[in-house]
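Chain nomenclature is as follows: A, B, C and D, assigned in order of appearance, with residue numbering initiated at 1 for each chain independently.
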Amino acid sequence: MSDLETARQCADAMLAADRASAALGIAIAIPAPGRAEATMTVRDDMVNGFGVLHGGLTFSLADTAFAFACNAYDQLSFAASAHIDFLRPARSGDVLTASAVEDYRGRRSGYYTVEVRNQDDALVALFRGRSTNSGDSIISP
Amino acid sequence: MSDLETARQCADAMLAADRASAALGIAIAIPAPGRAEATMTVRDDMVNGFGVLHGGLTFSLADTAFAFACNAYDQLSFAASAHIDFLRPARSGDVLTASAVEDYRGRRSGYYTVEVRNQDDALVALFRGRSTNSGDSIISP
Amino acid sequence: MSDLETARQCADAMLAADRASAALGIAIAIPAPGRAEATMTVRDDMVNGFGVLHGGLTFSLADTAFAFACNAYDQLSFAASAHIDFLRPARSGDVLTASAVEDYRGRRSGYYTVEVRNQDDALVALFRGRSTNSGDSIISP
Amino acid sequence: MSDLETARQCADAMLAADRASAALGIAIAIPAPGRAEATMTVRDDMVNGFGVLHGGLTFSLADTAFAFACNAYDQLSFAASAHIDFLRPARSGDVLTASAVEDYRGRRSGYYTVEVRNQDDALVALFRGRSTNSGDSIISP
(Lines give C-alpha, C1' and ligand atoms only; values in the text may rest on other atoms or scores of the structure.)
Protein backbone atom coordinates (compact mmCIF):
# COMPACT_ATOMS: atom_id res chain seq x y z
CA MET A 1 0.00 0.00 0.00
CA SER A 2 1.42 3.44 -0.92
CA ASP A 3 1.84 6.14 1.73
CA LEU A 4 -1.07 8.04 0.21
CA GLU A 5 -3.30 4.96 0.25
CA THR A 6 -2.43 4.43 3.92
CA ALA A 7 -3.26 8.06 4.70
CA ARG A 8 -6.60 7.80 2.91
CA GLN A 9 -7.54 4.52 4.55
CA CYS A 10 -6.79 6.06 7.97
CA ALA A 11 -9.00 9.01 7.04
CA ASP A 12 -11.82 6.71 5.92
CA ALA A 13 -11.65 4.74 9.17
CA MET A 14 -11.76 7.95 11.21
CA LEU A 15 -14.56 9.50 9.16
CA ALA A 16 -16.78 6.43 9.45
CA ALA A 17 -17.11 7.00 13.20
CA ASP A 18 -16.74 10.79 13.40
CA ARG A 19 -20.20 11.99 14.33
CA ALA A 20 -18.99 15.42 15.44
CA SER A 21 -17.45 16.37 12.09
CA ALA A 22 -20.52 14.97 10.30
CA ALA A 23 -22.82 17.09 12.49
CA LEU A 24 -20.81 20.16 11.48
CA GLY A 25 -21.10 19.21 7.79
CA ILE A 26 -17.32 18.99 7.40
CA ALA A 27 -15.94 17.31 4.26
CA ILE A 28 -12.37 16.00 4.19
CA ALA A 29 -9.81 15.58 1.42
CA ILE A 30 -6.34 14.06 1.82
CA PRO A 31 -4.06 15.46 -0.89
CA ALA A 32 -0.91 13.83 0.54
CA PRO A 33 0.30 12.13 3.73
CA GLY A 34 0.64 14.74 6.47
CA ARG A 35 -1.78 17.09 4.74
CA ALA A 36 -5.55 17.46 4.95
CA GLU A 37 -8.24 19.84 3.76
CA ALA A 38 -11.49 20.27 5.66
CA THR A 39 -14.39 22.27 4.22
CA MET A 40 -17.48 23.58 6.02
CA THR A 41 -20.32 25.92 5.11
CA VAL A 42 -21.27 28.27 7.95
CA ARG A 43 -24.88 27.64 8.97
CA ASP A 44 -27.30 29.87 10.87
CA ASP A 45 -26.99 27.63 13.92
CA MET A 46 -23.20 28.17 14.02
CA VAL A 47 -23.44 31.87 14.69
CA ASN A 48 -22.80 33.44 18.12
CA GLY A 49 -24.43 36.36 19.92
CA PHE A 50 -22.52 38.88 17.79
CA GLY A 51 -23.77 37.48 14.48
CA VAL A 52 -20.49 35.82 13.45
CA LEU A 53 -19.27 32.24 13.35
CA HIS A 54 -18.62 30.99 16.91
CA GLY A 55 -14.84 30.87 17.38
CA GLY A 56 -15.16 27.37 18.75
CA LEU A 57 -16.52 26.19 15.41
CA THR A 58 -13.76 27.94 13.46
CA PHE A 59 -11.41 26.07 15.74
CA SER A 60 -13.36 22.82 15.21
CA LEU A 61 -12.87 23.04 11.46
CA ALA A 62 -9.12 23.69 11.84
CA ASP A 63 -8.79 21.00 14.49
CA THR A 64 -10.48 18.49 12.19
CA ALA A 65 -8.03 19.21 9.36
CA PHE A 66 -5.20 18.88 11.89
CA ALA A 67 -6.52 15.52 13.16
CA PHE A 68 -6.71 14.07 9.66
CA ALA A 69 -3.26 15.40 8.75
CA CYS A 70 -1.53 13.93 11.79
CA ASN A 71 -3.27 10.55 11.54
CA ALA A 72 -1.89 9.70 8.11
CA TYR A 73 0.68 7.12 9.19
CA ASP A 74 -1.49 4.45 10.79
CA GLN A 75 -0.28 5.62 14.19
CA LEU A 76 -3.20 6.86 16.22
CA SER A 77 -2.43 10.42 17.32
CA PHE A 78 -4.30 12.82 19.55
CA ALA A 79 -4.33 16.58 19.67
CA ALA A 80 -2.23 17.58 22.68
CA SER A 81 -2.45 21.33 22.32
CA ALA A 82 -3.35 24.01 19.84
CA HIS A 83 -3.14 27.73 19.37
CA ILE A 84 -5.45 29.79 17.18
CA ASP A 85 -5.33 33.40 16.00
CA PHE A 86 -8.66 34.77 14.81
CA LEU A 87 -7.98 37.20 11.98
CA ARG A 88 -11.32 37.86 10.32
CA PRO A 89 -14.94 37.02 11.18
CA ALA A 90 -16.94 34.51 9.14
CA ARG A 91 -20.68 34.77 8.57
CA SER A 92 -23.59 32.49 7.77
CA GLY A 93 -23.25 31.20 4.22
CA ASP A 94 -19.47 31.54 4.07
CA VAL A 95 -17.62 28.48 2.81
CA LEU A 96 -14.47 27.86 4.82
CA THR A 97 -11.55 25.65 3.94
CA ALA A 98 -8.95 24.58 6.51
CA SER A 99 -5.66 23.40 5.01
CA ALA A 100 -3.29 21.53 7.30
CA VAL A 101 0.40 21.01 6.60
CA GLU A 102 3.05 19.25 8.65
CA ASP A 103 5.78 21.48 10.04
CA TYR A 104 7.73 18.78 11.83
CA ARG A 105 7.12 15.21 12.89
CA GLY A 106 9.21 13.59 15.58
CA ARG A 107 8.91 10.17 17.14
CA ARG A 108 6.36 11.22 19.75
CA SER A 109 5.05 14.63 18.71
CA GLY A 110 3.99 16.23 15.45
CA TYR A 111 3.57 19.94 14.67
CA TYR A 112 1.05 21.21 12.15
CA THR A 113 -0.06 24.57 10.76
CA VAL A 114 -3.62 25.03 9.56
CA GLU A 115 -4.84 28.03 7.59
CA VAL A 116 -8.59 28.65 7.50
CA ARG A 117 -9.68 30.66 4.47
CA ASN A 118 -13.07 31.79 3.20
CA GLN A 119 -14.54 31.61 -0.32
CA ASP A 120 -12.60 34.77 -1.26
CA ASP A 121 -9.34 33.12 -0.14
CA ALA A 122 -9.04 35.62 2.73
CA LEU A 123 -7.37 34.26 5.87
CA VAL A 124 -9.93 33.75 8.65
CA ALA A 125 -7.75 31.98 11.22
CA LEU A 126 -4.23 30.67 11.72
CA PHE A 127 -4.01 27.48 13.79
CA ARG A 128 -1.04 25.50 15.12
CA GLY A 129 -1.47 22.07 16.64
CA ARG A 130 0.75 19.58 18.40
CA SER A 131 -0.15 15.90 18.24
CA THR A 132 1.08 13.01 20.34
CA ASN A 133 1.47 9.51 19.00
CA SER A 134 -0.39 6.95 21.13
CA GLY A 135 1.53 3.97 19.81
CA ASP A 136 -1.69 2.29 18.59
CA SER A 137 -2.56 1.68 14.96
CA ILE A 138 -5.68 2.93 13.17
CA ILE A 139 -6.29 0.47 10.34
CA SER A 140 -3.92 -2.43 10.97
CA PRO A 141 -5.56 -5.40 12.67
CA MET B 1 -26.78 49.36 37.88
CA SER B 2 -24.15 47.34 39.79
CA ASP B 3 -21.15 45.83 38.01
CA LEU B 4 -22.65 42.38 38.42
CA GLU B 5 -25.99 43.52 36.97
CA THR B 6 -24.15 44.99 33.98
CA ALA B 7 -22.25 41.75 33.48
CA ARG B 8 -25.45 39.72 33.63
CA GLN B 9 -27.34 42.00 31.25
CA CYS B 10 -24.47 41.73 28.77
CA ALA B 11 -24.65 37.96 29.11
CA ASP B 12 -28.41 37.94 28.57
CA ALA B 13 -28.09 40.09 25.45
CA MET B 14 -25.41 37.79 24.04
CA LEU B 15 -27.28 34.60 24.92
CA ALA B 16 -30.50 35.78 23.26
CA ALA B 17 -28.80 35.69 19.86
CA ASP B 18 -26.25 32.93 20.40
CA ARG B 19 -27.51 30.08 18.26
CA ALA B 20 -24.18 28.23 18.30
CA SER B 21 -23.98 27.89 22.08
CA ALA B 22 -27.66 26.93 22.17
CA ALA B 23 -27.08 24.20 19.56
CA LEU B 24 -24.32 22.80 21.76
CA GLY B 25 -26.64 22.86 24.79
CA ILE B 26 -24.34 25.20 26.72
CA ALA B 27 -25.71 26.88 29.87
CA ILE B 28 -24.07 30.01 31.25
CA ALA B 29 -23.71 31.45 34.76
CA ILE B 30 -22.05 34.76 35.65
CA PRO B 31 -20.80 34.59 39.25
CA ALA B 32 -18.97 37.93 39.04
CA PRO B 33 -17.80 40.48 36.46
CA GLY B 34 -14.87 39.01 34.55
CA ARG B 35 -15.88 35.45 35.41
CA ALA B 36 -18.16 32.96 33.69
CA GLU B 37 -19.12 29.32 33.95
CA ALA B 38 -20.29 27.34 30.95
CA THR B 39 -21.71 23.84 31.29
CA MET B 40 -22.30 21.23 28.56
CA THR B 41 -23.26 17.58 28.53
CA VAL B 42 -21.34 15.57 25.93
CA ARG B 43 -23.76 14.11 23.39
CA ASP B 44 -23.31 11.19 21.01
CA ASP B 45 -23.13 13.61 18.07
CA MET B 46 -20.16 15.43 19.66
CA VAL B 47 -17.84 12.44 19.52
CA ASN B 48 -15.03 12.06 16.97
CA GLY B 49 -13.68 9.05 15.12
CA PHE B 50 -11.80 7.84 18.20
CA GLY B 51 -14.89 7.75 20.42
CA VAL B 52 -14.02 10.85 22.46
CA LEU B 53 -15.34 14.40 22.53
CA HIS B 54 -14.13 16.31 19.45
CA GLY B 55 -11.39 18.68 20.61
CA GLY B 56 -13.09 21.49 18.75
CA LEU B 57 -16.15 21.12 20.97
CA THR B 58 -14.05 21.06 24.16
CA PHE B 59 -12.57 24.29 22.83
CA SER B 60 -16.04 25.63 22.00
CA LEU B 61 -17.16 25.19 25.59
CA ALA B 62 -14.04 26.94 26.95
CA ASP B 63 -14.28 29.66 24.31
CA THR B 64 -17.90 30.31 25.28
CA ALA B 65 -16.98 30.77 28.95
CA PHE B 66 -14.16 33.09 27.84
CA ALA B 67 -16.51 35.16 25.65
CA PHE B 68 -18.97 35.68 28.48
CA ALA B 69 -16.20 36.53 30.96
CA CYS B 70 -14.58 39.16 28.75
CA ASN B 71 -17.89 40.78 27.74
CA ALA B 72 -18.90 41.76 31.27
CA TYR B 73 -18.19 45.47 31.00
CA ASP B 74 -20.57 46.56 28.26
CA GLN B 75 -17.61 46.84 25.90
CA LEU B 76 -18.03 44.44 23.02
CA SER B 77 -14.94 42.24 22.92
CA PHE B 78 -13.87 39.56 20.49
CA ALA B 79 -11.62 36.57 20.92
CA ALA B 80 -8.33 37.46 19.27
CA SER B 81 -6.41 34.29 20.04
CA ALA B 82 -6.52 31.26 22.28
CA HIS B 83 -4.35 28.36 23.34
CA ILE B 84 -5.65 25.04 24.63
CA ASP B 85 -3.94 22.07 26.26
CA PHE B 86 -5.93 18.84 26.10
CA LEU B 87 -5.22 16.91 29.29
CA ARG B 88 -7.83 14.18 29.45
CA PRO B 89 -10.46 12.84 27.03
CA ALA B 90 -14.17 13.35 27.64
CA ARG B 91 -16.83 10.86 26.57
CA SER B 92 -20.51 10.83 25.74
CA GLY B 93 -22.55 11.52 28.85
CA ASP B 94 -19.81 13.47 30.63
CA VAL B 95 -20.88 16.80 32.10
CA LEU B 96 -18.22 19.43 31.55
CA THR B 97 -17.88 22.80 33.25
CA ALA B 98 -15.65 25.55 31.92
CA SER B 99 -14.71 28.21 34.47
CA ALA B 100 -13.22 31.43 33.15
CA VAL B 101 -11.27 33.92 35.26
CA GLU B 102 -9.63 37.17 34.27
CA ASP B 103 -5.84 37.23 34.53
CA TYR B 104 -5.33 40.77 33.34
CA ARG B 105 -7.39 43.40 31.60
CA GLY B 106 -5.79 46.33 29.85
CA ARG B 107 -7.33 49.09 27.82
CA ARG B 108 -7.41 47.13 24.57
CA SER B 109 -6.72 43.50 25.44
CA GLY B 110 -7.88 41.12 28.16
CA TYR B 111 -6.32 37.82 29.22
CA TYR B 112 -8.37 34.95 30.60
CA THR B 113 -7.73 31.43 31.87
CA VAL B 114 -10.42 28.78 31.50
CA GLU B 115 -10.32 25.39 33.19
CA VAL B 116 -12.57 22.67 31.77
CA ARG B 117 -13.42 19.99 34.33
CA ASN B 118 -15.61 16.91 34.18
CA GLN B 119 -18.24 15.68 36.68
CA ASP B 120 -15.43 14.17 38.80
CA ASP B 121 -13.68 17.56 38.94
CA ALA B 122 -10.78 16.20 36.88
CA LEU B 123 -9.11 18.71 34.59
CA VAL B 124 -10.00 18.01 30.94
CA ALA B 125 -8.45 21.07 29.31
CA LEU B 126 -6.60 24.27 30.16
CA PHE B 127 -7.46 27.23 27.92
CA ARG B 128 -6.04 30.74 27.70
CA GLY B 129 -7.69 33.44 25.66
CA ARG B 130 -6.88 36.98 24.64
CA SER B 131 -9.75 39.36 23.86
CA THR B 132 -9.74 42.70 22.08
CA ASN B 133 -12.08 45.50 22.92
CA SER B 134 -13.97 46.75 19.85
CA GLY B 135 -14.99 50.06 21.41
CA ASP B 136 -18.71 49.30 20.88
CA SER B 137 -21.20 48.73 23.64
CA ILE B 138 -23.37 45.64 24.13
CA ILE B 139 -26.43 46.82 26.04
CA SER B 140 -26.23 50.60 26.03
CA PRO B 141 -28.43 52.23 23.39
CA MET C 1 13.66 15.29 53.84
CA SER C 2 10.58 17.52 53.56
CA ASP C 3 9.09 18.39 50.18
CA LEU C 4 10.36 21.94 50.55
CA GLU C 5 13.87 20.74 51.40
CA THR C 6 13.81 18.52 48.31
CA ALA C 7 12.68 21.45 46.17
CA ARG C 8 15.44 23.66 47.54
CA GLN C 9 18.15 21.03 47.12
CA CYS C 10 17.05 20.56 43.49
CA ALA C 11 17.28 24.33 43.03
CA ASP C 12 20.74 24.45 44.60
CA ALA C 13 21.97 21.65 42.34
CA MET C 14 20.61 23.42 39.26
CA LEU C 15 21.94 26.83 40.27
CA ALA C 16 25.45 25.54 40.89
CA ALA C 17 25.83 24.77 37.17
CA ASP C 18 23.56 27.40 35.65
CA ARG C 19 25.95 29.79 33.95
CA ALA C 20 23.24 31.36 31.81
CA SER C 21 21.09 32.53 34.71
CA ALA C 22 24.21 33.72 36.53
CA ALA C 23 25.29 35.75 33.48
CA LEU C 24 21.87 37.43 33.49
CA GLY C 25 22.20 38.20 37.21
CA ILE C 26 19.11 36.20 38.09
CA ALA C 27 18.49 35.36 41.76
CA ILE C 28 16.15 32.50 42.71
CA ALA C 29 13.90 31.85 45.71
CA ILE C 30 11.81 28.73 46.29
CA PRO C 31 8.85 29.61 48.53
CA ALA C 32 7.20 26.18 48.14
CA PRO C 33 7.43 23.06 45.97
CA GLY C 34 6.07 23.88 42.51
CA ARG C 35 6.68 27.58 42.97
CA ALA C 36 9.68 29.78 42.23
CA GLU C 37 10.59 33.43 42.13
CA ALA C 38 13.30 34.77 39.87
CA THR C 39 14.56 38.35 40.13
CA MET C 40 16.67 40.32 37.64
CA THR C 41 17.73 43.93 37.29
CA VAL C 42 17.61 45.18 33.71
CA ARG C 43 21.10 46.21 32.59
CA ASP C 44 22.16 48.48 29.74
CA ASP C 45 23.42 45.47 27.79
CA MET C 46 19.94 43.85 27.92
CA VAL C 47 18.27 46.57 25.92
CA ASN C 48 17.29 46.18 22.25
CA GLY C 49 17.32 48.62 19.34
CA PHE C 50 14.16 50.35 20.58
CA GLY C 51 15.58 51.14 24.03
CA VAL C 52 13.57 48.53 25.94
CA LEU C 53 14.43 45.18 27.49
CA HIS C 54 14.93 42.56 24.73
CA GLY C 55 11.84 40.32 24.76
CA GLY C 56 14.09 37.30 24.77
CA LEU C 57 15.50 38.34 28.13
CA THR C 58 12.04 38.98 29.60
CA PHE C 59 11.29 35.44 28.44
CA SER C 60 14.58 34.17 29.91
CA LEU C 61 13.64 35.48 33.35
CA ALA C 62 10.18 33.88 33.18
CA ASP C 63 11.61 30.65 31.76
CA THR C 64 14.10 30.47 34.63
CA ALA C 65 11.34 30.78 37.23
CA PHE C 66 9.41 28.11 35.34
CA ALA C 67 12.42 25.76 35.26
CA PHE C 68 12.97 26.04 39.01
CA ALA C 69 9.25 25.58 39.74
CA CYS C 70 8.89 22.42 37.66
CA ASN C 71 12.12 20.84 38.95
CA ALA C 72 11.03 20.72 42.59
CA TYR C 73 10.34 17.01 42.81
CA ASP C 74 13.75 15.50 42.07
CA GLN C 75 12.47 14.51 38.64
CA LEU C 76 14.51 16.23 35.98
CA SER C 77 12.09 18.15 33.76
CA PHE C 78 12.66 20.15 30.61
CA ALA C 79 10.72 23.02 29.10
CA ALA C 80 8.75 21.57 26.20
CA SER C 81 6.93 24.69 25.11
CA ALA C 82 6.02 28.14 26.32
CA HIS C 83 3.82 31.06 25.39
CA ILE C 84 4.45 34.66 26.40
CA ASP C 85 2.33 37.80 26.16
CA PHE C 86 4.30 41.02 26.39
CA LEU C 87 2.14 43.57 28.18
CA ARG C 88 4.43 46.45 29.10
CA PRO C 89 8.01 47.38 28.21
CA ALA C 90 10.80 47.25 30.79
CA ARG C 91 13.77 49.61 30.78
CA SER C 92 17.33 49.70 32.05
CA GLY C 93 17.34 49.86 35.84
CA ASP C 94 13.95 48.19 36.27
CA VAL C 95 13.87 45.34 38.77
CA LEU C 96 11.75 42.46 37.50
CA THR C 97 10.35 39.56 39.46
CA ALA C 98 8.99 36.43 37.78
CA SER C 99 6.67 34.36 39.98
CA ALA C 100 5.90 30.83 38.81
CA VAL C 101 2.97 28.76 40.05
CA GLU C 102 1.89 25.25 39.09
CA ASP C 103 -1.44 25.02 37.30
CA TYR C 104 -1.47 21.26 36.83
CA ARG C 105 1.03 18.46 37.11
CA GLY C 106 0.42 15.12 35.46
CA ARG C 107 2.65 12.08 35.24
CA ARG C 108 4.56 13.28 32.20
CA SER C 109 3.73 16.96 31.74
CA GLY C 110 3.42 19.95 34.04
CA TYR C 111 1.75 23.30 33.35
CA TYR C 112 2.93 26.52 34.93
CA THR C 113 1.95 30.19 34.85
CA VAL C 114 4.59 32.86 35.38
CA GLU C 115 3.83 36.53 35.97
CA VAL C 116 6.66 39.01 35.40
CA ARG C 117 6.18 42.23 37.34
CA ASN C 118 8.32 45.34 37.71
CA GLN C 119 9.30 47.27 40.86
CA ASP C 120 5.88 49.02 40.78
CA ASP C 121 4.11 45.65 40.72
CA ALA C 122 2.85 46.33 37.19
CA LEU C 123 2.49 43.26 34.97
CA VAL C 124 5.23 43.19 32.32
CA ALA C 125 4.58 39.74 30.85
CA LEU C 126 2.36 36.71 31.24
CA PHE C 127 4.09 33.39 30.54
CA ARG C 128 2.75 29.82 30.39
CA GLY C 129 5.08 26.85 30.18
CA ARG C 130 4.72 23.12 29.73
CA SER C 131 7.40 20.84 31.13
CA THR C 132 8.12 17.19 30.39
CA ASN C 133 9.48 14.80 32.96
CA SER C 134 12.62 13.03 31.72
CA GLY C 135 12.43 10.22 34.27
CA ASP C 136 15.90 11.08 35.64
CA SER C 137 16.57 12.41 39.12
CA ILE C 138 18.34 15.66 39.98
CA ILE C 139 19.85 15.14 43.43
CA SER C 140 19.44 11.43 44.17
CA PRO C 141 22.57 9.41 43.47
CA MET D 1 14.39 53.19 -2.29
CA SER D 2 13.48 49.57 -3.03
CA ASP D 3 11.54 47.49 -0.49
CA LEU D 4 14.67 45.48 0.23
CA GLU D 5 16.72 48.62 0.78
CA THR D 6 14.07 49.91 3.20
CA ALA D 7 14.13 46.61 5.08
CA ARG D 8 17.92 46.69 5.33
CA GLN D 9 18.03 50.31 6.46
CA CYS D 10 15.50 49.51 9.18
CA ALA D 11 17.67 46.58 10.26
CA ASP D 12 20.80 48.74 10.31
CA ALA D 13 19.05 51.36 12.45
CA MET D 14 17.85 48.70 14.90
CA LEU D 15 21.21 46.93 15.04
CA ALA D 16 23.11 50.13 15.79
CA ALA D 17 21.35 50.41 19.16
CA ASP D 18 20.69 46.75 19.97
CA ARG D 19 23.05 46.01 22.84
CA ALA D 20 21.20 42.84 23.86
CA SER D 21 21.64 41.08 20.52
CA ALA D 22 25.25 42.24 20.38
CA ALA D 23 25.91 40.82 23.86
CA LEU D 24 24.56 37.47 22.65
CA GLY D 25 26.82 37.61 19.57
CA ILE D 26 23.85 37.49 17.20
CA ALA D 27 24.48 38.33 13.53
CA ILE D 28 21.59 39.37 11.26
CA ALA D 29 20.91 38.99 7.55
CA ILE D 30 17.88 40.34 5.69
CA PRO D 31 17.29 38.23 2.58
CA ALA D 32 13.97 39.91 1.73
CA PRO D 33 11.37 42.21 3.30
CA GLY D 34 9.47 40.24 5.94
CA ARG D 35 12.29 37.73 6.33
CA ALA D 36 15.33 37.65 8.60
CA GLU D 37 18.07 35.26 9.58
CA ALA D 38 19.78 35.47 12.96
CA THR D 39 22.86 33.39 13.78
CA MET D 40 24.43 32.71 17.18
CA THR D 41 27.16 30.43 18.46
CA VAL D 42 26.30 28.83 21.80
CA ARG D 43 28.85 29.91 24.42
CA ASP D 44 29.72 28.33 27.76
CA ASP D 45 27.98 31.17 29.59
CA MET D 46 24.70 30.42 27.77
CA VAL D 47 24.29 26.97 29.26
CA ASN D 48 21.83 26.16 32.06
CA GLY D 49 22.06 23.82 35.04
CA PHE D 50 21.44 20.78 32.85
CA GLY D 51 24.34 21.49 30.50
CA VAL D 52 22.22 22.66 27.56
CA LEU D 53 21.47 26.05 26.04
CA HIS D 54 19.12 28.01 28.32
CA GLY D 55 15.69 27.97 26.69
CA GLY D 56 15.44 31.71 27.17
CA LEU D 57 18.46 32.21 24.92
CA THR D 58 17.07 29.89 22.25
CA PHE D 59 13.97 32.07 22.44
CA SER D 60 16.10 35.23 22.32
CA LEU D 61 17.67 34.14 19.05
CA ALA D 62 14.28 33.36 17.50
CA ASP D 63 12.75 36.54 18.90
CA THR D 64 15.57 38.58 17.36
CA ALA D 65 14.96 37.09 13.91
CA PHE D 66 11.25 37.81 14.39
CA ALA D 67 11.90 41.43 15.39
CA PHE D 68 14.02 42.08 12.31
CA ALA D 69 11.49 40.36 10.02
CA CYS D 70 8.51 42.35 11.26
CA ASN D 71 10.34 45.70 11.23
CA ALA D 72 11.06 45.68 7.50
CA TYR D 73 8.49 48.26 6.45
CA ASP D 74 9.63 51.36 8.32
CA GLN D 75 6.72 50.89 10.71
CA LEU D 76 8.03 50.33 14.21
CA SER D 77 6.56 47.05 15.47
CA PHE D 78 6.79 45.34 18.83
CA ALA D 79 6.51 41.69 19.77
CA ALA D 80 3.08 41.26 21.33
CA SER D 81 3.21 37.54 21.99
CA ALA D 82 5.13 34.45 21.04
CA HIS D 83 4.96 30.70 21.37
CA ILE D 84 7.94 28.36 21.27
CA ASP D 85 8.23 24.58 21.04
CA PHE D 86 11.60 23.21 22.14
CA LEU D 87 12.35 20.17 19.99
CA ARG D 88 16.02 19.39 20.56
CA PRO D 89 18.67 20.63 23.00
CA ALA D 90 21.60 22.74 21.83
CA ARG D 91 25.05 22.62 23.45
CA SER D 92 28.07 24.84 23.82
CA GLY D 93 29.76 25.29 20.46
CA ASP D 94 26.63 24.68 18.40
CA VAL D 95 25.94 27.24 15.72
CA LEU D 96 22.25 28.09 15.54
CA THR D 97 20.38 29.87 12.77
CA ALA D 98 16.90 31.29 13.25
CA SER D 99 15.00 31.90 10.00
CA ALA D 100 11.90 34.08 10.21
CA VAL D 101 9.19 34.18 7.55
CA GLU D 102 5.98 36.19 7.44
CA ASP D 103 2.79 34.15 7.60
CA TYR D 104 0.35 37.04 7.44
CA ARG D 105 0.54 40.78 7.85
CA GLY D 106 -2.55 42.82 8.57
CA ARG D 107 -2.91 46.51 9.25
CA ARG D 108 -2.20 46.26 12.95
CA SER D 109 -0.76 42.78 13.57
CA GLY D 110 1.76 40.56 11.82
CA TYR D 111 2.29 36.81 12.23
CA TYR D 112 5.68 35.18 11.80
CA THR D 113 7.13 31.68 11.99
CA VAL D 114 10.75 31.19 13.01
CA GLU D 115 12.64 27.92 12.71
CA VAL D 116 15.80 27.54 14.77
CA ARG D 117 18.21 24.98 13.30
CA ASN D 118 21.67 23.82 14.32
CA GLN D 119 24.81 23.32 12.20
CA ASP D 120 23.45 19.91 11.10
CA ASP D 121 20.21 21.54 9.91
CA ALA D 122 18.26 19.73 12.65
CA LEU D 123 15.28 21.63 14.02
CA VAL D 124 16.00 22.91 17.55
CA ALA D 125 12.91 25.06 18.09
CA LEU D 126 9.75 26.22 16.34
CA PHE D 127 8.67 29.77 17.21
CA ARG D 128 5.59 31.80 16.28
CA GLY D 129 5.35 35.49 16.99
CA ARG D 130 2.72 38.16 16.69
CA SER D 131 3.80 41.78 16.23
CA THR D 132 1.84 44.99 16.64
CA ASN D 133 2.43 48.05 14.56
CA SER D 134 3.04 51.14 16.73
CA GLY D 135 2.32 53.62 13.95
CA ASP D 136 5.79 55.20 14.31
CA SER D 137 8.50 55.04 11.69
CA ILE D 138 12.01 53.64 12.15
CA ILE D 139 14.18 55.44 9.62
CA SER D 140 12.03 58.26 8.25
CA PRO D 141 12.65 61.65 9.89
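One rule holds for everything that comes next: contacts are C-beta pairs under 8 Å (C-beta built on N, C-alpha and C of every residue); 3 or more make two chains touch, one makes a residue touch a chain.
A quick note: this is a predicted structure, and the numbers were derived from the prediction, not measured.
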| query | Which chain has its C-alpha centroid at the greatest distance from the C-alpha centroid of subunit D? | reply | B
| field | Winner on C-beta contact pairs when A-C is weighed against A-D | value | A-D
| query | Approximately how many whole Å separate the CA-defined centres of subunit C and subunit D? | reply | 22
| field | Centre-to-centre distance between subunit C and subunit A (centres being mean Cα positions), rounded to whole Å | value | 34
| note | Distance between the CA centroids of subunit A and subunit D (whole Å) is 30
| note | Each of the following residues of subunit C touches two or more other chains, namely 81, 83, 85, 130
| said: Considering only the defined contacts, which subunit A positions touch subunit D in the complex? | reply: 83, 85, 87, 103-104, 106, 111, 113, 123, 126, 128, 130
| remark: Listed in rising order, the residues of subunit C that touch subunit A in the complex are 81, 83, 130
| said: For the complex, give me every residue of subunit C touching subunit D. | reply: 13-24, 44-51, 53-57, 59-64, 67, 76, 78-86, 89
